[in-house]
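Here come two complexes built around subunit A, the first alongside subunit B, the second alongside subunit C.
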Partner chain A sequence: MEWKEEGEERPLSQRPEWSDVTPVPQDDGPNPVVPIAYKDDFTETMDYFRAVYFADERSLRSLHVTAEAIHMNAGNYTVWHFRRLILGALNADLHEELNFIKKVANGNPKNYQIWHHRRWVAEKLGSDATSKELDFTKKILSLDAKNYHAWSHRQWVLQELGGWEDELDYCKQLLEDDIFNNSAWNQRYFVITKSPFLGGLEAMRESEVNYTVGAIIAKPENESPWRYLRGLYKDDAQSWVNDPQVSSVCLTVLSAKRNTVFALSTLLDLLCHGFQPSQDFINAVDALKTPDLDQSDSNLATAVCSVLGHMDPMRVNYWAWRKNKLPAQTA
Partner chain B sequence: MEGQIGDLEVEKHVQYILSVEKRKDNFESVVMEHLRMNGAYWGLTTLDLLGKLDMVDEDEIISWVMECQHESGGFGGNVGHDPHILYTLSAVQVLALFDKLNVLDIDKVSNYIAGLQNEDGSFSGDMWGEIDTRFSYIAICSLSLLQRLDKINVEKAVNYIVSCKNLDGGFGCTPGAESHAGQIFCCVSALALTGSLHHVDKDLLGWWLCERQVKSGALNGRPEKLPDVCYSWWVLSSLIMIDRAHWIDKEKLIKFILDCQDKENGGISDRPDDAVDVFHTYFGVAGLAHLEYPGLKAVDPAYALPVDVVNRIFFSR
Partner chain C sequence: MDSSETQSPTVTQREQWMVESQVFQMYELLSSVPRNAQSVLLELQRDKHIEFLTNGLRQLGPSFCVLDANRPWLCYWILHSIALLGDSVDDELENNTIDFLSRCQDPNGGYGGGPGQMPHLATTYAAINALITLGGHRSLSSINRGKVYTFLRRMKDPSGAFRMHDAGEMDVRACYTAISVASVLTILDDELVKGVGNFILSCQTYEGGISGEPGSEAHGGYTFCGLATMVLIGEVNRLDLTSLIDWVVFRQGVEGGFQGRTNKLVDGCYSFWQGGVFALIQKLHSIIEEQLRLLDAGGSAIDSPQLASISCHSGKRGLHDTSGSAKFSNIGFNFLKEPAEMEPLFHSIALQQYIILCSQLQEGGFRDKPGKHRDYYHTCYCLSGLSVAQYSYSKDADSPPLPRAVFGPYSNLLEPIHPLYNVILDLYHEAHEFFSTS
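Then we have the complex of A and B:
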């Protein structure tokens, strides 16, 4: 294991600096409901951990044994707790601690305890840690661009410590790597609404609509940009209905006749909000009807629901419900 | 056997849960030690849903559970572990399964949980201050089971959850965080248990949730992510609580869950042919219970306990 320091190959029971300690075995009770079998060296490490934990010994050797225990099982939250107490007692170098966490996180990127510990350290370091935290989350996201913990930590760093300047560019880069990355779309929304450098949602709306329309045209089956587009108008549904770019991207996708499900559902939503369709829309939807569907649906919204029920059979009940719920005057 | 729903290997799953894992090199067991309280909840609730809770030694379990309680009133994941809200809920749920909530000093446990509420209404997991809507759910669920919701500021708790609502109708772990089916379950349950479901846009969220169903009939947790059996619980419970469960294709989901079984050795995995574990076994069986698979007890979508256990708490005065 490459993390072991030199001279630490020997089991704990054979190291002179541990000779005064009696290891404490785990008390599992007589007939455990969730019985556990142990690896031998894990058992030994944990026995020594328990010894110093119960004795509340906050020393350097205790710090080392927590490191060993964590490398064997990063999920053991009691070990992490005790490690924090030791770090406090020793007034340890927290920048070193960031390095330790980095090593552990490489093997366990989705572990809650690691991320919480990282946050605890970063909180203590304050803005000294800003660029390290942005680098660290970036590194983790380069291995898994949707890691929920990494995104949560990154949002916390931005809000608490700053570093917003390059965040929109970062989102753009991630979306270039994978236009389907819903986490990156979420982060994009987070940035345009909260960054002190960008002027807020309304100021950003026009450029964001342009960007999103481009993403939709590239991959119309991508759920995220359709939702993002709607989100750009937040509580202002009327502006969303009235923006020619919104209805126009629906028409473009419908006319291409491929991956039309989200274009159809967006058109349905527009119609329900009072959108008045031109003949082009009626023709485009007509062209998507299959012979078995009712060709005489005079109502465009009803026709859209029928087509969706056919195209997206998994959700046939949803589309039937939408059809039932249509307001009487919908085009 | 075209069109026939497959079989749930009840006996095999029961044996899997009861089995003593003696293999020394089983690393899965090793990493479970500190969260055995969760494991006990998953295993025992599954047994109860299968009608086999009587196969375990109730007294031994209860005395072990109580050994995990601290001075503070909170429970650790195992004997000798620090208290945390996660294990406190599991302890309360395990005791509820055996109708033994009366062994608790209810005020002591409730005070521990209530003490974890922050000024903004959110909840910390423990004294170290991690905040997540998961903990909002846990606090509200446990206090509701203990009938001590009045110990927290419910209005602030609800406001915090609502602040985590996103434009797609979903919820994240903190304000601004991406909508995720697991977090949605937590937020929707917490709102349900506090009579606050009017804050949910049921149509919008219902659609987001039913879009989690992929071609195979399985459910994922976010757009463009891989499906996993556990979402059968998070997504389905959420849909049930907002009265939109009929928006997914139930038959296809049942088939997927059954395909995730290890039919030889018992247990259920995250997706077909992967290794099984107790966590996915519980969520697979509970998902099937929601889908009204024959022979399973009904399960409460908010409390994540059999309905008869919940009824016993609230209706047997």
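Then we have the complex of A and C:
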């Protein structure tokens, strides 16, 4: 479907099929604020839109005028809403509607209305739409791998229509392209916790921990895998504290003495949850202390807070607060 | 996984380094210019901002056609910015704004994006906050509260969450705008609250922040909306606040400003969305202490969801049952009396420096980051964030900040806001009194 009917260049007021319609101007009042200097064709299109919208005329010409109005402002949710009512009344071909959305989305990939509309159409089409929707979001994500709406839509498709089979591979591929892509990490978490084929978080934990530890060792300054690692033990702090892979990745990064903020932060959380550090941890943290730092910290958790306060000045208040709130068991 | 140091930087790294170099250029510029030029750079260009803002209220160019369904937002962004700067519009503009917003008010309740458009929760929030910002009897009484309540009930999904408009999208933003509006108009009751807490809770992610829908990525805008909603409905103890704090403190980057999500770029608008989270956190001191105490005792940090939800849903009450709505409408009011017992957990001066030096344009208005254009949205949320940062060391709302809490000259000081609604504090009080007694 085109913005205008094939070859149509005339303004609406000069088209015979609109001759019986009286355009309805916007009721802005005599002295509106935030008045917009609309272009003439914008005003005309919206005046005709209002005419059919207020008359609740669910016709083909109404459908056409919504397309033109959306072309001029894809953020007008009233137009989109009316368009859905028309599509329903006309029993329109919804595959064609997907093509329409594709064209609009090309210019506005971050607009709530487009994605809501797309979800409505896909829901009506059901599993017929699954592969089309996965391809569509993939295409949008190939241009901006962090498009929030595209990810939400993709998750909705997976949950409502299926198509989980290749999703973990897709996450792997995106993370190979950009290991810092937190949206891809989030999607990976979504897949391993929700996919009906993978057995859930606990079944996936061991292989996911291995993958994540590898990512951390490669780029310890990358916050995403650190948060993901913690997420793998959501609601199971005991397993997290007891898993030697977690503490050992901290120790490895600390011993390398580069980009240690997240390793220190993770160690601090471990200590707060009862982790018993070996002498290696104490030595590794000692080695990070600078001469001007208070050497008299009574225990490892306190020392970690001091080192962090020095090394990570943007969060100096946060580390001071954490130091002040350490649980009794770490003292 | 390739761990070699020679591999080429990823898209995230390249974009981040580019922004860092632009931001540090601004900071180096400051230290390289002579003192008198320096003081100009540090100054909030009040007159220029007012001019940019007032012009927008009077006339917008054709490029604003794409915001034709957001006109109450434009009113709010502009009027709130002007109010933050300690100024107000003249009587004529004030009356014109009230008249215009009345034309956006739907006969069946709520406000649309322009005259004749369907009512929408976001534009309802914007219109009501704009009218509160104007203040005065004519403005406040133009809001049909009974009809707003009907509209809010119509937007409520059986699951408990809210839809943005009739058959519209359902997310955390919708919950916040609905609950914020109901709270400030003192029409919040059990029927509106029911199920909202469960929805928000299902949006707290493994990272600690809050997403727009269950499963999505933790995000600054939704984290503010979700946290503020939970405070307003009295269920904030159900969130894992320590993990939320740990997530949000890491959103402040080397630039001094905030990013919206992990490994994304800094953006001035998050000065409020993330900065506002800190303003709320500071007043949740006793609940956080309680969660830490439970953690220390080896238990779960969060109260049993069952218990917490029972305490909020005891009995059904109708619209006009004062005990029901009074319970909720005083939460926002009493919240202000909570002293900020803790120091801010973010770097207030670094944030202010980013806003003034990187987001502010000398010719007026604010932007996302260097290289971007100014707009009214960023102007509103940069100024809101700046206000939050300036007052972040003040124990209570009545005590003015010390000079060292304000970056640049003390004349940069803005008006304080109510952090749950993002309206000017004094104007909130006027509205609260008006709606509590009428």
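Methods note: the second predicted complex is superposed on the first by the 321 of 331 C-alpha atoms of A that agree within 3 Å, B and C clash if a C-alpha of one lies under 4 Å from a C-alpha of the other, contacts with A are read in each partner's own complex, and residues count from 1 in each chain.
The rule is simple: a residue touches a chain if its C-beta (ideal position, glycine included) is under 8 Å from a C-beta of that chain, and two chains touch if they have at least 3 such contacts.
Predicted model only: the values in this text are computed from it and were never measured.
**Q** Subunit B versus subunit C on the shared subunit A, clash or fit?
**A** clash
**Q** Now for A:D40: first (subunit B), second (subunit C), both, or neither, which partner does it touch?
**A** first
**Q** May I ask you to decide whether A:D177 touches subunit B, subunit C, both, or neither, giving the answer as first, second, both or neither?
**A** second
**Q** Counting only touches as set out at the top, which of subunit B and subunit C does A:P327 meet: first, second, both, neither?
**A** second
**Q** Please indicate which partner A:C272 is in contact with in the superposed arrangement: first for subunit B, second for subunit C, both, or neither.
**A** The answer is second: A:C272 touches subunit C but not subunit B.
**Q** Which partner chains sit in contact with A:H116 here, subunit B, subunit C, both or neither? Use first/second/both/neither.
**A** both
**Q** By residue count, which of the two partners contacts subunit A more extensively, subunit B or subunit C?
**A** Of subunit B and subunit C, more residues of subunit A lie in contact with C.
**Q** So in the superposed three-chain picture, is A:A218 touching just subunit B, just subunit C, both, or none of them (first/second/both/neither)?
**A** Touch partner of A:A218: subunit C, not subunit B.
**Q** So, A:G231: does it touch subunit B (first), subunit C (second), both, or neither?
**A** Touch status of A:G231: both partners.
**Q** Could you tell me which of 4-12, 22-30, 292-300 or 382-390 in subunit C overlaps subunit B after superposing the two complexes on chain A?
**A** Comparing the options 4-12, 22-30, 292-300 or 382-390, the clashing one for subunit C against subunit B is 382-390.
**Q** Take the contacts of subunit A with subunit B and those with subunit C, and give the residues found in both.
**A** The answer is residues 26-29, 31-39, 42, 46, 50, 54, 72-73, 75-78, 81, 84, 112, 116, 119, 146, 148, 151-152, 155-156, 180-183, 186, 189-190, 194, 222-224, 227, 230-231, 234, 313-318, 321 of subunit A.
**Q** Enumerate the contact residues on subunit A facing subunit C in the complex.
**A** Answer in residue numbers: 24, 26-29, 31-39, 42, 46, 50, 54, 72-78, 81, 84, 112, 115-116, 119, 145-146, 148, 151-152, 155-156, 159, 177-183, 186, 189-190, 194, 214-215, 217-218, 222-224, 227-228, 230-231, 234, 265, 269, 272, 274, 313-318, 320-321, 325, 327-329.
**Q** Considering only the defined contacts, which subunit A positions touch subunit B in the complex?
**A** 26-40, 42, 46, 50, 53-54, 72-73, 75-78, 81, 84, 112, 116, 119-120, 146, 148, 151-152, 155-156, 180-183, 186-187, 189-190, 194, 222-224, 227, 230-231, 234, 313-318, 321
**Q** What does subunit C use to touch subunit A in their complex?
**A** It comes out as residues 1-3, 10-13, 56-62, 64-71, 74-75, 78, 92-93, 96-97, 99-100, 103, 112-118, 120, 164-169, 205-208, 212-213, 215-219, 245-247, 249-250, 252-254, 256, 261-264, 292, 295-296, 298, 342-347, 350.
**Q** Would you tell me which residues of subunit B are touching subunit A in their complex?
**A** Interface residues on the subunit B side: 20-27, 29-36, 39-40, 43-44, 56-57, 60-61, 63-64, 67, 76-82, 84, 125, 128-130, 166-168, 172-174, 176-180, 206-207, 210-211, 213, 215, 217, 222-225, 246-249, 252, 278.
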